[in-house]
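Okay, so here's the structure we're looking at.
Order of writing sets the labels: A, B and C. Residues in every chain begin at 1.
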Amino acid sequence: MKPLQFTLAQLAEILGAELRGDAQKVIVGLATLQDATTDQLSFLSNGHYRKLLEHTQAGVMLLSSTDAANYSGNCLVVADPYLAYAKLSHYFDRTPKQVAGIHPSAIIAESALIDSTASIGPGVVIEEQAVIGPNVIIGAHCFIGARSRIAENGRLLARVTLYHDVTVGQRVVIQSGAVIGGEGFGFANHQGVWHKIAQIGGVTIGDDVEIGANTTIDRGALSDTLIGNGVKLDNQIQIAHNVQIGDHTAIAACVGISGSAKIGRNCMLAGGVGLVGHIEICDGVFITGMTMVTHSITEPGAYSSGTAMQPASDWKKNAVRFRQLDDIAKRVRVLEKHTQK
Amino acid sequence: MKPLQFTLAQLAEILGAELRGDAQKVIVGLATLQDATTDQLSFLSNGHYRKLLEHTQAGVMLLSSTDAANYSGNCLVVADPYLAYAKLSHYFDRTPKQVAGIHPSAIIAESALIDSTASIGPGVVIEEQAVIGPNVIIGAHCFIGARSRIAENGRLLARVTLYHDVTVGQRVVIQSGAVIGGEGFGFANHQGVWHKIAQIGGVTIGDDVEIGANTTIDRGALSDTLIGNGVKLDNQIQIAHNVQIGDHTAIAACVGISGSAKIGRNCMLAGGVGLVGHIEICDGVFITGMTMVTHSITEPGAYSSGTAMQPASDWKKNAVRFRQLDDIAKRVRVLEKHTQK
Amino acid sequence: MKPLQFTLAQLAEILGAELRGDAQKVIVGLATLQDATTDQLSFLSNGHYRKLLEHTQAGVMLLSSTDAANYSGNCLVVADPYLAYAKLSHYFDRTPKQVAGIHPSAIIAESALIDSTASIGPGVVIEEQAVIGPNVIIGAHCFIGARSRIAENGRLLARVTLYHDVTVGQRVVIQSGAVIGGEGFGFANHQGVWHKIAQIGGVTIGDDVEIGANTTIDRGALSDTLIGNGVKLDNQIQIAHNVQIGDHTAIAACVGISGSAKIGRNCMLAGGVGLVGHIEICDGVFITGMTMVTHSITEPGAYSSGTAMQPASDWKKNAVRFRQLDDIAKRVRVLEKHTQK
């Protein structure tokens, strides 16, 4: 287990940062500028909070060289304080460490290949021909379907389901309750009755992907559903069959992406966004919260839909008028024509 | 096991109600005014249904004194019929009772403290230094992470996940599939690549909280995510890291609350509402369904966004005009100026 | 295990189709028109893709007689190529088959009735008086509550929860993480504090229903929540207490349906739709994605709400104007009156 206290000298060495102040001072935790106590580290990454700097009790600050110039307390000077905080956060993480080996209550198919450095938790079920790579951690009650593969340094928290034929890259983290490879929503309608289409594709997940709690990613209908390298998916996201998500795209919680939609690289989708199926979003697109995306996007930039919140009594009047909007627009045109006469 | 039949005399005693009618009549269940049979109890709490009272077959009614005055059948006169129904409903609940003790298939860390009156179901995993209080019921396949604590009379249905360092108050009910303490969505972007920020805070949940099926509550980035006393959360709600929810606030299904949002006491959020992060909602706010909340609310009252539903063919015309709305507004202003000349 | 390769003669026999071409040719998989290789079958069901037909490498095509007339390669002539593909897809499905019997790690109440042809996976928990029918497959770690019943040929994937008193019809498929019969969101407010109402109804699910991953269906408050025959529910759908859904209605992912809403037969709800409670939707209604349904619908047809997506900078201007819409409409009326003078 890593120690959870560090001297400023140690922190400076971890970050490769310039230390200004007491090298022997001991830090036991991280906190915000407002909350930090004298044995905690804090950081300033958003200029909005700069005014709080003079009042902070933090034992040491992560600062840019500009901010450090105006600060008299202990500080570590770094190029990007937020990135430095991200790095240090892992040193103060109390997530229990798992030991290598297979818990006696786990149920492992004989043909499954489990690396000797992997940690398989209680009650885990691993089916035929699955492959679990080096240093992979699989939490309690996970289910790993036949022929699925998890590459090295993966980490599945408790109660994750991978169906069969799901391929997971290196260093992928999957939170509890996520379901990867479920049977997508494919039915053929014949005379009013829906007939199920077997979903015979799989799911391929790249390296360094993060998948949030209770997120669902359906297997492909024919070919695989594809999640690129470095993609970050928050909680309760729904990704339908044959969606493709480009590298380093980040998607916030409660987003729903319909079948065969293709999203580019380095996109950001805010919470609650919905995409119809069979559209294509180019690289570098930012979609604001709860936007309904009904067509492809071919130019990078920010996109939105919806209306702004207001008191319900006012809103009701405007919402009624929305249903008359085309009529209002036509009447304005008539008025303009009349005026131009 | 509680008996599932009661005489009117017994029901009157449970409620402290005035009984009008046959004290020895036996009641075996509860039903709505329309559905109730002669051996069932019903209630009238919404004046909208008053006209159904004369036709009901119910064996006994819960009524206010005003409604009782006009009713000739058996009735129990109470101050608040809906509250009285809420109380009686528990006497007719057939949820299986669990016996105290630890199921032999449960896997409990040696350092965990389990009260002797607690019931630990099959396959439950409880990790190091977790504390399970008196009369707590933990359903099958739950996972309780290291150092998490559940205070007395808590009830977790099957397949609930608590990560480490989650603190749960007294009498808290958590439905299946809920995930409490998942790692929040925290990443620092450096040259187009997302770097994970360890989430080192926990979650603190007050007393008398209810958490719905498949709801997710992320642990804090630095300090804890906070759920107040008496908060009621429906199914499939997403609560991001460091959200704070005030006492006795009720939130309906499918709501998403972004990081560090702070919601006051006695608020109500209807289904499908979304909140951006880092905003503050004051006490006593009601937000209507599917509203997109993009800024703080400082006055109690009702708030809304969105547009009213209409036939799709009409809607398409109006939706197109929405994209011209600013232009239309400007043209109206021009017309007004012209008219004023 | 079914073989995963078939001659064209075999495929023609399965489908009752007319074969044009090499009857001995072997097919090993299915693919789209663009992706298909010479040993794979493809299909043309959407005229939009007809132009791809001349370039496909597919070893055989499923075609209508019209399209077959213009195609020189191997083909199987069928009335409905998409329906034929749906049927064939099951022959190429590599979902592992489960053998009959009860896994030794399963925990089954003595009073539960398990048909000898059923397959009960590892870690499954089945409580008192539950009934599991012929050929039912229950995946790892499922929980089946007391008195719940699953009729013949049902299939529950890993990690499904059925609470007590849930009745499931024949040939029902339930994906991982679904929670059926959770306690609905029923509380009586008394002086600002919410009092729980025990949910004493159950859930009744018809035949041929499909329930997606992490979907939640709450038990009824008094009578049962009802899901009709042939209903198809995608992932992450929330169905509140006492909802009724008519036969052969299909609901896409992330839809939320509030309590006691009643939806007719043969309806389609696109992704992200939300319904308020206590409304009624007639048969044959189609609701487009992310629509907010705030009142009953009495005429079949398509319905929508929301606004169309646009660049965020334009959107902001229009969203502000939405808050002035009632005022703008009134001003247009004033202008019209002035002009008519």
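In this text, a contact is a pair of C-beta atoms (placed from the backbone, for glycine too) under 8 Å apart; a residue touches a chain by one contact, two chains touch by 3 or more.
Everything quoted here is computed from the prediction, not taken from an experiment.
K.L.:
Determine how many degrees of rotation, between 0 and 180 and to the nearest 5, align the Cα atoms of chain B with the equivalent atoms in chain C.
P.N.:
120
K.L.:
Looking at where chain A touches chain B, is over half of the residue numbers used by both copies, so same, or under half, so different?
P.N.:
Mostly different residues.
K.L.:
Just how far, in Å, is the C-alpha centre of chain B from the one of chain A?
P.N.:
Chain centres of chain A and chain B, defined by C-alpha means, are spaced 26 Å apart.
K.L.:
Among the residues of chain B, which ones contact at least 2 other chains?
P.N.:
Counting only residues that touch two or more other chains, chain B contributes 105, 123, 141, 159, 177, 214, 236, 254, 306-308, 310, 320, 322, 324-325, 328, 332, 335, 339.
K.L.:
Would you tell me which residues of chain C are touching chain B in their complex?
P.N.:
105, 107, 123, 125, 127-128, 141, 143, 145-146, 159, 161, 163-165, 177, 179, 182-183, 185-188, 190, 192-200, 214, 216, 218, 221-223, 236, 238, 240, 254, 256, 258, 274, 276, 286, 288, 291-295, 301-308, 310, 314, 317-318, 320-322, 324-325, 328, 331-332, 335, 338-339
K.L.:
Touching residues of chain A toward chain B in the complex: what are they?
P.N.:
29-32, 35, 80, 82-83, 85-87, 89-90, 92-96, 103, 105, 121-123, 139-141, 157-159, 173, 175-177, 210, 212-214, 230, 232, 234-236, 248, 250, 252-254, 266, 270-272, 289-290, 306-313, 315-316, 319-320, 322-326, 328-329, 332, 335-336, 339
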